[in-house]
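In order of appearance the chains are A, B, C, D and E, and numbering begins at 1 in each one.
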Amino acid sequence: MIVVYILLGLMMLIAAVAAIQMRNIVSAIITAGVVSLIGSILFLLAGAPDVAMTEAAIGSALTTVIFLFAWSRITEQMKTDKKSSEHDSEGGSND
Amino acid sequence: MIKRIIIIITLIGLSFVLLPLFLNMEDAERLSELSQTYVTEGAEELGTANLVTAVVVSYRGLDTLGEVAVLFAATAGVTLLLGTKKKGGSVTDLLEERRGGSELLNTGAALLFPVLLLFGAYIFVHGHLTPGGGFQGGVVIASAFVLLLFIESDREFSHSVLHSLEALSGAAYVLIGLIGLWFAAGFLDPRFLPSGEIGRLLSAGAIPLIYSLIGIKVGSELIGVVDSLRRRS
Amino acid sequence: MADFIYSIAGSIALLAFVISFYRIIAGPELADRVVALDTMTILSLSGIVFLTHLLGRMIYIDIALVYGLMSFLGVIAVARYIERGL
Amino acid sequence: MVLEILGALIALIGSLFLLLASIGIIRMPDTYNRMQAGTKASTLGSLLFFLGIGLGHSGLWGKLLVLSLFVLITNPLSSHVLARALHFIGKSPLLVGYDSRDDLADDMNQMEEL
Amino acid sequence: MITQLLIILGAALILVGFWGVLTRKHIVKIIISFSILDTGIHLIMVGIGYIKDGSAPIIDQEMPVSRLAGNVVDPIPSALVLTAIVIGVAVTALMLSYAVQLYTFYKTVSIEQIKELKW
């Protein structure tokens, strides 16, 4: 039994370090969701099913969704900024 | 360079702060006295099968009230920062067309939406019998509406309905607490309704009622958060 | 006897969990990671159902129910982000 | 007792399918192949696993049935949405020795013409 | 044993999250580090409430009232963590909305380039 704890804990640590090290933001968000997923299994093993349910519902599903909504909003603004700056430079060259 | 050294020193200091926690802890053989009282008398006094629910709703009810207040403050902050629509149409003109959901996704979401609503209601009504309760059920209900946002992201939710649901459930929650103060022993004491038999749906006094109100409040608040965070066109 | 075979099945499921976790960490692209996450949620559902048997508490199955409904939201969110539909 | 051993054997077969799914996840050459290996094998494996656990514990039948329904609805749905998204960002499957054939793009073109 | 394991794992997660908060430049990365730090704190609290060979404090056929004493874990840390997770998601949403607003004002996601916040 203790082996399962240690294995899950190691996976959780690796996922946490990888989430912080990854260059791609969406990959980092997914990996942070995996940290929460393994955490909820650990909570279930430690006899706290209420916490496990909350962590599974919130930590690994809703947090991922909220991060992605916010990040897609930021990337969309990045795109429009890039487009508008290109427009500005073109206008400047015409003058 | 100096920055890096400061960071390393901070981390080492933090680990020394956390070290005594690790050294002094063994697996406890028995509960502390307060928890022992909650565990042995909670079932008898309140009639709940899930003792975590008893602690959340009744024994530590004031904490939950404060937690709901913090949640409300955070939601209000998100709405204040992002909720207003953009002025001026110059930004929206440059947006590229957003792709709609496929037909399979639309059908599946339409199939799953009532299931998710029903399931969330099941979770928070059975909060005193099985794991789960108002918070988890509220999240499941919020996720049903998030699913609607996935298939059609221009969908507008009625803000007045959300706000009135949230305000009404919050007010009813405090009101039930005050009724407990009047008819039973203290604030948020659920024993003004009959306790009933352990394991039945209609038992544990007012706990299912209180947890349902918390579930509706949390659900409407989280829908508000996601609705403010999504992209506007 | 039955318990022994059950525990072998659980160990194999745990092994499968670890293997698909490798793809999440090593996956060269975002798409591979999402595919691995999709598989991993199903594997963890089986794991939670197995823990229900192992720990001997029937009520733990509710966590599997909640997770089974919520888990695919994350995958769909990433997919809609990729195709710019979010 | 016999039912329990039968359930355990079915759970063992299910776990072997789960292992197959994860091996497919790491051994297949490209994303679409990984996706089909991971989704199909893990759906069958988890359904067999639930059946095996349900044979051992008679009290769990109702909830396991609901759980199987959820898996049967959500798992193909999520993989369909994911495959469609990958197609739209221009990722093409690895087809060695075959002509590439893109039915979804043809359909989309037809719809645009209409 | 299990308490110690959970506590050392939680402490390691707190350190990893803190390291991420201190060293990363990307603002969304910093928020991800905060959520990892949160998970570490929750693990420590659940670990403190663990009782040897404990099960969930829920009464049903497998855990009747007579077996309750000495066989169930502490319900108080579970209740606290339950509320802490929900507050955590609300605070994460608040931080993300700040990130979106910072991007709209400064047109950058790197905190190195937001000079007004430095001292």
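We adopt the following convention: contacts are C-beta pairs under 8 Å (C-beta built on N, C-alpha and C of every residue); 3 or more make two chains touch, one makes a residue touch a chain.
None of the values given here were measured: they were computed from a predicted structure.
Engineer: Starting at subunit A, figure out the least number of steps needed to reach subunit B through touching chains.
Structural biologist: 1
Engineer: Report the chain whose mean Cα position is at the greatest distance from that of subunit A.
Structural biologist: D
Engineer: Which one of the chains is farthest from subunit B, going by Cα centres?
Structural biologist: D
Engineer: What whole-number Å value describes the gap between the mean CA coordinates of subunit B and subunit E?
Structural biologist: For subunit B versus subunit E, the centre distance works out to 15 Å.
Engineer: Centroid of subunit B to centroid of subunit C, CA atoms only: how many Å?
Structural biologist: Between these chains, centre-to-centre, one finds 24 Å.
Engineer: Measure off the straight-line distance from the CA centroid of subunit B to the CA centroid of subunit D, and report it in whole Å.
Structural biologist: 32
Engineer: Going through subunit A residue by residue, note those that touch at least 2 other chains and give them in order.
Structural biologist: Subunit A, residues with two or more chain partners: 48-50, 52-54, 57-58, 61-62, 65-66, 69-73, 77.
Engineer: Quick one: which residues in subunit C touch 2 or more of the other chains?
Structural biologist: Residues 34, 55, 57-60, 62-63, 65-66, 69-71, 73, 76-78, 80, 83-86 of subunit C each touch two or more of the other chains.
Engineer: Which subunit E residues reach two or more other chains?
Structural biologist: 1-2, 19, 47, 50-51, 55-56, 58, 60, 72, 78-79, 82, 85-86, 89, 93, 96-97, 100
Engineer: State which pairs of chains touch, listing all of them.
Structural biologist: A-B, A-C, A-E, B-C, B-D, B-E, C-D, C-E
Engineer: Okay, in this complex, where on subunit B does subunit D touch?
Structural biologist: 99, 101-102, 104-105, 108, 111-112
Engineer: In their shared complex, at which residues does subunit D touch subunit B?
Structural biologist: Residue list for subunit D touching subunit B: 73-74, 77, 80-81, 84, 88.
Engineer: Hey, which residues of subunit D end up touching subunit C in the complex?
Structural biologist: Per the touch definition, subunit D meets subunit C at residues 1, 4-5, 7-9, 11-12, 14-16, 18-19, 21-23, 25-26, 31, 34-35, 38-39, 42-43, 45-46, 49-50, 52-53, 56-57, 59-60, 63-64, 66-67, 70-71, 74-75, 77-79, 81-82, 84-86, 88-89, 91.
Engineer: Which subunit E residues qualify as touching subunit C in the complex?
Structural biologist: 55-56, 58, 60-63
Engineer: Quick one: in the complex, what on subunit C touches subunit B?
Structural biologist: 59-60, 62-63, 65-66, 69-70, 73, 76-77, 80, 83-86
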